[in-house]
Each structure stands twice: as structure tokens, then as C-alpha cells.
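Two complexes are shown next, each including chain A; its partner changes from chain B in the first to chain C in the second.
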Partner chain A sequence: MTLAVFFGCTFIAFGPAFGLFLFTIAHDPLRIIILIAGAFFWLVSLLLSSLIWFIAVKASDPRDELLQKGLLIFGVMFSVLLQEAFRFLYYKLLRKAIEGLMALSEDGCSPISIQQMAYVAGVGFGLMSGAFSMINLLADALGPGTVGIHGDSQLYFLTSAFMTMVLIFLHTFWGILFFHGCEHQRWWEITAVIAMHLAVSGSTFCNPLYVGSLVPSYLLMATAAAWAYLLSGGSAQNLQRFLLCLQSGASPQLGS
Partner chain B sequence: MAAAVGRAWGSRRMEVAARSCRGSLPAWWGLLRGLLLAVLAAGSCQGNSVERKIYIPLNKTAPCVRLLNATHQIGCQSSISGDTGVIHVVEKEEDLNWVLADGPHPPYMILLDGNLFNRRVMLQLKGTSRVSGLAVATAKPSPPQGFSPGLKCPNDGFGVYSKDYGPQFAHCNKTVWNPVGSGLSYEDFDFPIFLLEDANETQVIKQCYQDHNVPRDGSGPEYPLCAMQLFSHMHAVTSTVTCMRRSSLQSTFSINPEVVCDPLLDYNVWSTLQPINSSGKVDPEKEVIIVATRIDSHSFFWNIAPGADSAVSSFVTHLAAAEALHKVSDVHLLQRNIMFTFFQGETFDYIGSSRMVYDMEKDKFPLRLDNIHSFVELNQVALRNDSVLWMHTDPVSRLNESVEVQVRNLLDILSNSSTGASVTLQEAGYSQPLPPSSFQRFLRARHIPGVVLTDHKTAFQNRYYQSMYDTPENIRMQYPEGLSPEETLEYVTDTAKSLAEVATVVARALYRLAGGANNTSAIQADPKTVTRMLYGFLIKMNNSWFQSIIKPDIKGILGDVPQHYVAVSSPVNTTYLVQYVLANLTGTVVNLTKEECLNPEKTPNSEKEMYEYAWVQGSLDPNSTSRIPYCVRSTVHLSKALSPAFELRQWGSTEYSTWTESRWKEIRARIFLVASKELEIITLVVGVAILIFSLLATYFINAKADILFSIPRDPGAVAY
Partner chain C sequence: MITFMNNSDSEEEPCNERTSLMSAESPPVPSYQDGLHASEAGEVQAHRKRRTGSSRSPNDTADGEMSDSGVPVRESTLENEEEELTLKYGAKHVIMLFVPVTLCMIVVVATIKSVRFYTEKNGQLIYTPFSEDTPSVGQRLLNSVLNTIIMISVIVVMTVFLVLLYKYRCYKFIHGWLILSSLMLLFLFTYIYLGEVLKTYNVAMDYPTLFLIIWNFGAVGMICIHWKGPLQLQQAYLIMISALMALVFIKYLPEWSAWVILGAISIYDLMAVLCPKGPLRMLVETAQERNEPIFPALIYSSAMIWTVGMAKPDTAARGPIQQTWDAAEDGRENHRSPSHAGSQMPETRSPVPTRPTTSLEELEEEERGVKLGLGDFIFYSVLVGKAAATASGDWNTTLACFVAILIGLCLTLLLLAVFKKALPALPISITFGLVFYFSTDNLVRPFMDTLAFHQLYI
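So, the complex of A and B:
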């Protein structure tokens, strides 16, 4: 589908994440380290879960379609649980890191808070997850052909890009929610994150009925975004003030 | 990385802490880098599931490649990253108008029916820019009017007739040998042309076309459309002179030379009835009769050359005659020796025979031209009308009295040998020149008396000369249904019987020519051998007989459908098999061990210069799966068949063949759907819009973060 589709899908999938990285993470080396380490943790969780799935597939009969589908569903669910487990492990690691940073700092305060670490860790998880989802698609998007000769939907690349974008956002918000839940011992927040993750991953089994996977994912993303915003110290009044500020910032320019 | 962290923290205690944990970070980093690389490499794997969703590869195809000679390039070329086009199926002439004028989505990739693959259609396609490639489906059955992409006058200019010698016969003035010839193989196309050998793949392409590309309700077809991409980029251009010059510059000056073309070369197979010293020189008084056939063919597509009538029929007959002669008891008493020669590369301006003549002239061959008493050549002997075999001679050399006497003698012996057989031998007459044959190269050097035996008097009987339709069906080889491969190998077809008769006649004539005085009725060619050879060289090379007569370490070369193209890596399968079949038919089994057989110089009494020893793997032991190998002693030798033009580095030579084949990197074909340009642009615009919007949104959110996020309740943390 050539360069146009390649760049289009790249920007759709990674544009928001790139914006987040550029403006909130890139200037602080500590955040970059946390981002990369988060990506690494996600990668290890994927490696382990794919190992389990691979062994299961090789041990089973490749011709049994139902069994293979069942194994795939099992693999996806197991991977989700493993990713959340690694998120928990990462939380533990970052807690230790915060204590270390506090001990090393001049004023006894860590240069970065656990909420910021949660956000950056979420972006890290999301970026690596997005990369694994999109990179091989993008490589094939460079060629002259588009999906469809075997009857699949032509919108495969576009919907994959949108799905990747929503997944990166979701990982970010789940990071914030999860760490907040771990921090304040609110287990129901953690279970909510796991449930949302399972729901989003499970909805992809509706594909190629893309409305069945994209719409619920975007709705869940909106929910998670609102929740994470509230947990990060936001409120409806803040939002109002922000929008007014934007308007007043815009209107003097219009007036002049 | 650790240094950057230290700078950010900015205090000595931080640096101390950083230095202490510097050891662990780089290891982490290295692993992460490696993993990231693996991620990026994931997309470039071949055959991953997304690629399988998009492309259907076409596996059973044959490309048309570029061949070059001293002045021209022929064949086809594609762009370096393949040529793509919307598929259009052309089954009748009217369908071409869509491609040439009406179709709204040029360029088109045409799926051409085999019956339309003729010169008129091809020249129309060559002239337009709306065609980006061509896929030809084999016509089943073969086109009834004949099909030959070869020239009307094969090997013109490299035979014996020129303006200095028999000008009335030069350039086929007197007889057009291949009237069906369209010369398509010798045209230069700038788009790729592939042959679709598998009817199932052709059906897949036609189905894709029916589903997506057929115009509905009068309007044009809508996107997505079914398209095909062909890769066959050739590295050589212009001519042999240019490509050999570039290759030699590369080989001389570059560390990693990028050779662009290779000369067509292989080996001639030759064997003598009475053993001669292959490293010495034969006495000038010793006379030799040369029997010659060609063993290669060609078609428009690379490595598709079944050559049933043009090559296989003649060399199988030759092999059968050699076997019959070797069984004669008084072979060692014959006055003259007989040399059975199988020339390779004759299709391309007589590569093998010109090299042998050159070697004989330059004393690099055991024989000299003076040793040659007479020359008998077999050329296309399978399609005989009423069992008549025609004897062609060169009228110009027969003007010389002494040559005329010898030719007369030769013709009489041949005619006498056919009495009692069902083959009738007739002379083609004084007014006819020689057909294209290896004998013409020998005549160029010396006026040797000789005859060429063919199944045609004037024009070829073979209407599929040098085409992909010169198949066993063309020489009327038919097997009954339901036979296993072993039974098919042994079944004696009518074609085999008729070729065996020709071989009998030739063997008897050769015996007489060589001075044999006894009754020739005992000399008989064996139809069983002929039918096994025909099966092996035309239908299935990988049969039990061939497997039993080859060396153990080359048993992997026996492919499926035999093709007889001369190619550039030598020796090709055909040469190997002719060599080993000849060794099996004319050699003797000797009682040597494997070490003695492989190292005959160490064995006393082996006469290494006279004989060649081969350790062959033998047939399967009936009870077990192992084979019983043995040693064969024969007089079969190989001699290099590379045109003298490459030895002399005269790449623009008009005297010798200068054919080369271009090199290439990848040749493949695949089909897929293409989306409309509008959808692609929409995707790009949406992507750019999302990128810009998200950058703006993030910037503003970040700038006003203190408004959006109130100070956190936790006093220990630092705010944004």
C-alpha cells in the first residue's frame, strides 16, 4: 500500500504517544529510564506468555481448528494476566527506587513522584505493546498490496492503527490506576484494571467485525481516562478553568 | 546513559551512587537494545501471517530472461523492484482493446491465453506503455497451427553458407527451414513475461480477476482491484561486449566483484568405438568417422526446453546406435574408428561444435581435422512421414570431385543399410542446402564428406521447433492408462520402436563405413533401451534406471520434468545423464574396488589415458534398501563447450557464438489487491491530522498542567 499508508498508519498509531513522549517525558532523563524499563518489563511478560502459548500449540494437534482457537483465547487471557503481574512487579521495583531516590536527594524528597512514575510506566507498557502490534503490519504496508485477496476487510491497516492507538492510551491510564490502587491498597481498582484489560483483549476476537472491538475499546478508554484524571488530582472545576483559560488565551489573539 | 543521569542529579553524592550502580545499567541496556532490534526485525520476516493475508505467491512459473550476443540483447526485463499492474485476462483478440485503449486503470498486467501468444499480439503489446507485464498460460492442447518462437532461419550467419560460400543458400534463400518461426525469442521486451505452468494457479488468477476486475453495468471496475507483481530484473544490458567488459572490470579491480553476465557453456560428450589416447594425439593416418547430434534445446522461457523432436529424439537414437555397435564382435578389427559426439549449446549458434573444431585446429583435441573421414549427423528424426528418412548433403562441397565420390559412397552405404528395415532413406537432392546442423561448422573448416539425416525434406516437420510445446505428445509418445512409473519406464512405445529402427540403420551403415565386412543383420538397436531413454529424458528423469547408472554423489540432480537448456552452470543434468547412459551402454563392468576405480592411476594395467573409470551406484538390492555399486570402464569423455570467442576474448566476434545469459537476484511473482489512491491519501491525511492534533493537545495540557491537576495531597512528592 506504499508510503502514504505506511506514514498514515504510523501517525495514527504512534502520533499521540509521540506527543506524550515529546512534551512530558523526553526532557527528563529519569523518566526516560523509567519508560524504557517499563517497556522492557512488558516485553518480558510477552516473552513468557508467548513461550507458554507456543509450547501449548506445538504440543497440540495443528489441524483441530476449535482447539487452536481455544488455545489462542487461553493464550490471550494468560498474557493479559501476566502483563498485569509484571506491572505489579514493576510497581514494586519503582517503590524501591523511590526510597533510593529519596535517600540520595539533598532535601529528602524524591525528584519524581509515584504518580508520575505510574504515568511513565504506563506509557512504556503502551509503547512496547503498540510496537509489537504495529511494526510487522507497517512493514507489510510498505508493499504494493492491501489486505483483501482472501476476503478479509480492506480496512485492516486502518483499524489496526486505531486499535494500537487506543491500546497505548489504555496502558497509560491503567498504569496510573494500577499504581494508585497498589499505593492505597484499593484492590478493587486493580481488579477493575485487569477486568478492563481482559475485556479489551477479548473484544478483539470480534474482529473482523471492527465495530465490536473498536467501539468498546474507545468507550473503555474514555472511562479509564476520566478515572485516571480524577485520581491524578483533577476535577470538573479544573477542567472548566482550563477550558476558560484556553478560550481567554485564544480570544485576545482574535481580538487584536 | 549513566553520565547523563549523573548530570541530571547534579550532586557529588548522586555521582557516587551512580558510579556504584553503573555496572548494572549497561548490561540492562544491551539486552534492551537487542530486544528492540528483534522487535523491529519482526516486521521483516518473510511469510508472516500479515503477508499471507495480502499476497498469494505464484510458485510454478518460468520467467523470460535476458540473453545477449555480440550486438543485441533479447528477452525481457523488469524494474528492479518488480513491475505491478492490474490484471486483465485476454482470451480473445477483442479483450486487448481494454488494455490498449479503454481500460481506466493502466498499466495492466495481462494474463494471456497460450493460443494468442503470437508475434502480432506481442508486437502490439511491445509498442504500448499501458502494459506492465505479461503472464502466459500454457495452451492445452498445443496450438494446432504450430508455434515456434525461434527464427525462421536458425543459426543463420554461423553455419557454412555465406556470401563467400554458396550465397544462393545463405540466409535461407532457397529453403526456409522453420516457416512457423515467429522470432519471438529473439525480440527484446522491456516488461517481464512469465509462463504459468500450473493450471491451478492460472485458475486462481482468473478467479481473482472475475471477483474484482470485471466491469459491471458498463462502468469501470471499482477498487480494490486484483493486481500482479512480477520480479525479473536482469543485470546485463546492451550486448555481450558491454556486459563482459563490465564483468571483467569488476573481476579485475573489485574486492567483491559484481559479475553481470555469464557465457553459455557446458560440455560436449564424446566417445570412441576403439579406445584412443585422450591426452595424446591420434596418428594422422588413422581415420575416424564422426557421428554427431545435439543435446540441447531452447524455448521463450528460461529452463523450459523439452526438445522432444529437436534434441531428444536424435540423441536417443544416437545412443541406441552406439550401444548396437559396441555389441559387434569384431569392433577392434575395424579399419576406421567411430567417434560418437554429443554437442551441447548448438541452439545458440553452434557453441559445442565450433569449440570442437577450434580445438581440433589448435591441436588441443586428440583428433585433428585431417583424421576425419566422414561425418554423419542425426537431426530431428522422430516425425517421419511414411517412415522416410531424408539424407541432406552440402551441394557446394560436392562440386569437388573427390568429395563427391566420398559423399556418393556414403549415401550408397546408408541406402544399402536400410534394405530390409522399415525405414526408407531418400536423398534430399542437389538443390537443397544443408539444414542447420553441427556439420556446417566442420564444413567451414574443411570440406569433409558428410550427411545429415532428418525427418524433413525442406521445411521442418516439427511445428513446435524450440518451443515449450515440443513435448512427448509432439513425437506421438503415448502410454496406456494406469501404469505405474516402473511399468511406464519399461513399456515400449511405437515411437521407441521407430527410433530403434532408425538407430539400427545408422549402426549398420556406420559399421560398413568403418570397413566392417561381415553381415550386418546381427546389428540391432534395442527398443527397450530406447524406450527407457525416452522416458528418462522426456517424462521423468528420476527413474530407477537412471538412478542405478549415475555416481552416488550426484543422485540429487535428478529433478522432475527434464529440460534441456544449456544454461551457464555446467554440466547440466542432460550432459551428466548422456555421459552416464553412454558409459553404461558402451562401457564394460570391471572388477575394481571403489578406491581402485576412483584412482585408476594407482592401479596397474588400468590404461588410464585410454579409458575413463566411473564408480556408479548400481540398482537397488531387491531385498534391502541399499544399492550394489560397481565400476564401469568406458571411453566416454567430456570436452569443454565454451565458445572460442570467450577463449580469445573477442566478445564482438561474428565468427563464433557470443551468447551470454544475464545474471539476476530474484525472480518471483505474486498477486494481491490494490487499494485506490483516494483511500491511501485519506489514510495519510487522517494520520497527519491525528499527529498534529495530539501534539497540540499534549502541548496545551502540559503547559496548563498546574490548572488541570491540583497539588497532590501527598506532601512528599514533587509537583509537575
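So, the complex of A and C:
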């Protein structure tokens, strides 16, 4: 465990998210606030789900392994559901905020649209979720030790970093999908998001059989990415035009 | 306390924000056109946040009628854009405060995590005489409550003393007190800090070099904070002294006392700023009666000015106003200046004579700023630093407290935009911070540890 591991894992886990932040969020104060508020909402959801799990664990027999495992599974699933519930609450709050922003602006349009808010909220959730999963690991990676010396997987840090990255992306896309579903009353989109989240969290139960958790998660991420892209107004032609423009050297005119 | 700042023009000609020397005092705001103000005075500001309304707010609440006189309304041509700009300004102000608060916390957390000195127990301050080394929980709790009572009483006494000094115009005394405390912070504490950092990284430094560094750092700091200096440098120095003060608190306050003190001080802040007989409120009102600016050296101000077009304003007319400003520096010792401690008072608009009409052509685009007292920085950093130092959940707890404090600050600024008067900046943030510290440390940490052990992701 060296500086190389630390930096490598940090950049794997947070590099893309940091890039997203730098290029799309950092310049606009309103988006930064929405990001931090999103992180806060995720934090509150985590708090409540930990509270429930903690009470359940304290009320149960600590020596019963199977029960503890069962409680852990319950804790994870409950936490996922609570996160999505808080995403919905955040959507409600942002809806009210947009109405306020529209009322305050002179031409009746708010400076930020609900789709942009959905994206930023997703990034906020993702960053906080990733940070909570990864930061302690990174701090430990700086210190002395050997990974997997007791027979566990030696790829622990690396797979954690990849898992964190995919989760951050997933949260971003889920934000877009979820808000779109709420906006247009498409409940099947919302249930799809919840189902995907449960699937991803459930797949991590396969760890350390990483092929069972990382591969499905990345596939789900690709699906969610394509879906979110289509919902945001993208299409195959847009993509083609974008790529072709790049090849021809002209700057692409992309709609936001 | 947290207040809106209307503008902080430099006393001399307006310059580019990058080159202007920002006076430490809040200079008078040249009143643009009284007639223009009068027309706006009657507007209902209830749900439309107009820039003029917001900028007029500190005065409105304290003395109703004088709102017209000093408030600058920039260009009437810009009024239409102000509506939209106001909210953009609102969000911008939040970020203008997020950045320094974050920087201060980063400095404190980085120091706590790397320099052992600030987490070692080496005695206690005389303000917290009761030791917490007792075996029983009840005794320890009692000792920490007693420590808190003593500390808060010291603060209350000092605040009242300061208010009395200010009321009876003992400006020289306050001035001297303030200079003495900044001297101590900038030289002594910096010397100790530098010494400990060098020890941690095992870097050798000879005394002449050390003297040179500390002397330059301290001298430039004194000038920037108490006189004039580039805005960014002034802000950087204020952040650094807040971080130093927070580190001192983290080192010398015993564990439980620190948490109880944080809680008690936010309650005190709430009362001192909002109650009619609160010392800070009286300070604010006295300053407004006298049309004097608020403590320059103990407030972090985020204002910037940009000017487009360089018509020189009528500086002669502003001359007589300057004298009142120098005298009005309120001093509170940094190390016991809580957020409310005088440092946050609403910007008073002094009734500056109107500019000559030629300056109408001048396109001066001024950015409003928000002021946050250094005590707020200090106590936010104390909370996050203590979380970093003592939480066994390590970084999760620190991160949670950080986000909680930022959200609290955001909410406080929202309330500021709504109520438009000086508000205590500690209560909401510290409450969130404390709640999140204890719940993350005791509830979230075991959950996340178990998840990490099994490599599960939620």
C-alpha cells in the first residue's frame, strides 16, 4: 500500500466525477448549492437507515451469525429504498425551488431547468455516496499493510475504486431518470430506477466474486447511461453528428 | 453574525478589482441619487428580491427612515436586470462564503491530521479550569458544564465590556486591544504553528530565516488586516488567523467541554444577536445610530468592486466622512470573539453627499458582498477539527460535519435574504454539525464499517 495505490484508487474512483464537477458544475453557484444540498439529502437518508439498522442490531442477539447477516441484508435494502425516497423528497424540494426561481426572475424563466437540477442532484448523491464508501479506504491505503494477507482478495482497493466510480455514474443517471419519471408521471421509470439500485446493491453481495458484482453494475450503468441520454434529448444522430464534428475539427453545437 | 454588505468602495478612485487596495474599513458608499432612492423606498420588497431592497435592508430594520439617504442605487438602466441578477447574486454570495469557510476547514483538518501537536493534551486554558480526567461519567459531565458556564460568562463579560467601551467612545482602547490581539495571533501563534509543522516534517530551519519569514508574514498581515491591502490577501490572512485560533481551541479545550461550549455558544449567539437587549444587537444599533462602519478587522468580507469606465468620483466630498471610520473600529479579542462578537454588524450606510451628476455616466458595476464574522469561521473550524481529531470514524464524520455546516450556512444566508437584517450565523450550522457529528460517529460508523468489511455497497 503506497502512494501509488492511494492516487490510483482516488483517481479511478473520483476522477470522472471530479471532471464532471469541474466542467459542468463548478462555474455556476446555483449548481454548487444544489450539489451540496443533494449530498446533504443522501447523508440524511444514510443516517436514518443506519439508525434503523443500529436499533435492529442492538435489539438482536449478536452471536447469531445468520441473523446478523439477515439484518445486514435488510439494512442494505432498506437503505437503498430510503435513498430513493430521499431522492423523491429532493425532487419535491427542487420543484418548489424552481417555482421560486421563476417567480423571482424577470422573464419568468428560472436560470436552471429541472433536467439540469436532476443531473446535479444525481452527481451530489453519487459524490457523497462514493465519498462515504471510499474515503476511509483511501486513508488506510496511505498507511502500512498488506492487502489480503489473511486470505481475502488482494484486489480489494482496486475493485472498491471501480465500484465507487460506477456507483457515482449510476447515481447521476438515476437522478436524471428519476426526475424525468417524476416530472412526466411515468411511474415505471421510477420503479426501474429503484429496481436497478436494488440490483446493483444486491450484486455486491457476490463480493469477493467480483465478476458477479462489477460486470452487472457496469452493464447496468451502460443501460442507464443510454436511457438517460435518450431522455435528455440525445439520439443516435446527435451522437453521430457530435463524433463527426469532432473528426472534422469544427466545434460541435450541442444542445445542453 | 452574517450581514449583507452593500459595497466596499475604496476610498480613492475606483480601480479594477484586481488592483484596488481594499481598505480594511468599509468605506462610505457614495449615494448615487437621492431622488432615485426615494422612489424605490416605497416599493414593497416582500417577495421580490431587488438588489436595492436587499442592500437597504440593514438600515431598514434598525432605523426606518434613513433608508433613503445612503443607499446607492446604481444605474437605473440596470434595474431590469437586477431582478434576475439578485438571485444570481444570492447564490453567488453563498459560494463566496463557502469557499473561505471550506478553505479554513481544510487548513484546520490538514493540520490536525498531520501535526501531532494539536491533538496532544498539554494542559487547559484558564477559562476551563475543571479537568475532565475524572473516572465517573457524571463528574465529567458536571465539569464540562461548569467549564462551559465559565467560558460563556467570560465571553458575555467581555462582550458587555466592549459594548460599554463602544458606547462611551473609547475607540483608542478598543483599537489598541484589537491590535494587540492580532499581533499575538500573527506573530506568536504563527511562530508556534510553523515550529510544529517543521518538527512534524523534520525540516531544519535556522533562526534568521525563521525570523525573516515570521516578521514578513506578521507585518504584512497587520497592514492588510488593519489598514489597506489587496482584498484577496486580506481574506487569506483572515482565514489563516481564524484557522490558528481554531487550532488553539481544539488543542486546549477538553473533549466534552468543547462540545458543550459549541452548543452553548450557538445559543448565546442566537440570543445576543436577536434579543432586543442583547449586547450585539445594542452594538449594531449604536453603530447604526452613529453611522459608523462595522469592525473591519474582525469580519471577513467577500465584496469586490469592478468598475467599467473610469470617471473619478468626487473624493473631496467624501473626505470628512473618513475620520469617523477610523475611529469606529471595534475591537474584540480574536480568541474570544464568537461569531456574534461585534464582528458581524450590518453595514451601515453613511449618508454621503451625492455625487455630481456627471458621474451618472460612470458605469460602476458593484458587486454586493456578504460579511461573516471571524468567530463563525473559528467555531465552524473547531467543530470540524474536533470531529477530525476525536472521531473514531475518521473521515466520514469529518465529511458529514463539513456538509452539515455548509448546509447550515446556506440556510442562514437564505434567511438573511428573507429577513434582511443581521443574523447569527452559528446556531443552524453548529446544530446541524453537532447532530451529524454524534449520529455519524455512533450510528453511521458501525454500519459503514460492517458494509466495508463485507465490501457491500448501498
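We take it that the second predicted complex is superposed on the first by the 249 of 256 C-alpha atoms of A that agree within 3 Å, B and C clash if a C-alpha of one lies under 4 Å from a C-alpha of the other, contacts with A are read in each partner's own complex, and residues count from 1 in each chain.
The rule we apply is simple: contacts are C-beta pairs under 8 Å (C-beta built on N, C-alpha and C of every residue); 3 or more make two chains touch, one makes a residue touch a chain.
The structure displayed is predicted, hence computed values, not measured ones.
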item: First (chain B), second (chain C), both or neither touched by A:F205; value: second
item: Partner chain in contact with A:I12 - chain B first, chain C second, else both or neither; value: first
item: First (chain B), second (chain C), both or neither touched by A:T2; value: first
item: Partner chain(s) touched by A:H150 [first = chain B, second = chain C, both, neither]; value: first
item: Contacts of A:M221 with chain B and chain C, given as first, second, both or neither; value: neither
item: Which superposed partner A:L43 touches (first chain B, second chain C, both, neither); value: both
item: Per-residue contact with chain A, leading partner among chain C and chain B; value: B
item: Contacts of A:P111 with chain B and chain C, given as first, second, both or neither; value: both
item: First (chain B), second (chain C), both or neither touched by A:I33; value: both
item: Chain B versus chain C as contact partner of A:I168, first or second or both or neither; value: neither
item: Chain A residues contacted in one complex by chain B, in the other by chain C; value: 28-30, 33, 36-37, 39-40, 43, 104, 106, 111, 128, 131-132, 135-137, 139, 156
item: Interfacial residue positions of chain A with respect to chain B in the complex; value: 1-2, 4-5, 7-12, 15-16, 18-20, 22-24, 28-30, 33, 36-37, 39-40, 43, 100, 102, 104, 106, 109-116, 128, 131-132, 135-140, 143-150, 152, 154, 156-158, 161, 165, 229, 232-235, 238-239, 241-242, 245-246
item: Complex contacts: residues of chain C adjacent to chain A; value: 47-49, 80-81, 83-84, 86-88, 91-92, 94-95, 98, 393-396, 399-400, 403-404, 406-407, 410, 436, 439-440, 442-444, 446-448, 450-452, 454-458
item: Chain A - residues contacting chain C, complex; value: 28-30, 32-33, 36-37, 39-40, 43, 46-47, 49-51, 53-54, 57, 72, 75-76, 79-80, 83, 101, 103-107, 111, 128-129, 131-133, 135-137, 139, 156, 159-160, 163-164, 167, 200-201, 204-205, 207-208
item: Residues on chain B engaged by chain A in the complex (per definition of touch); value: 1, 4-5, 8-9, 11, 13-14, 17, 28, 31-32, 35, 39-40, 42-45, 48, 50-51, 53-56, 84, 208, 224, 226-227, 229, 670-675, 679-688, 690-691, 694-695, 697-700, 702, 704, 707-714, 716-718, 720
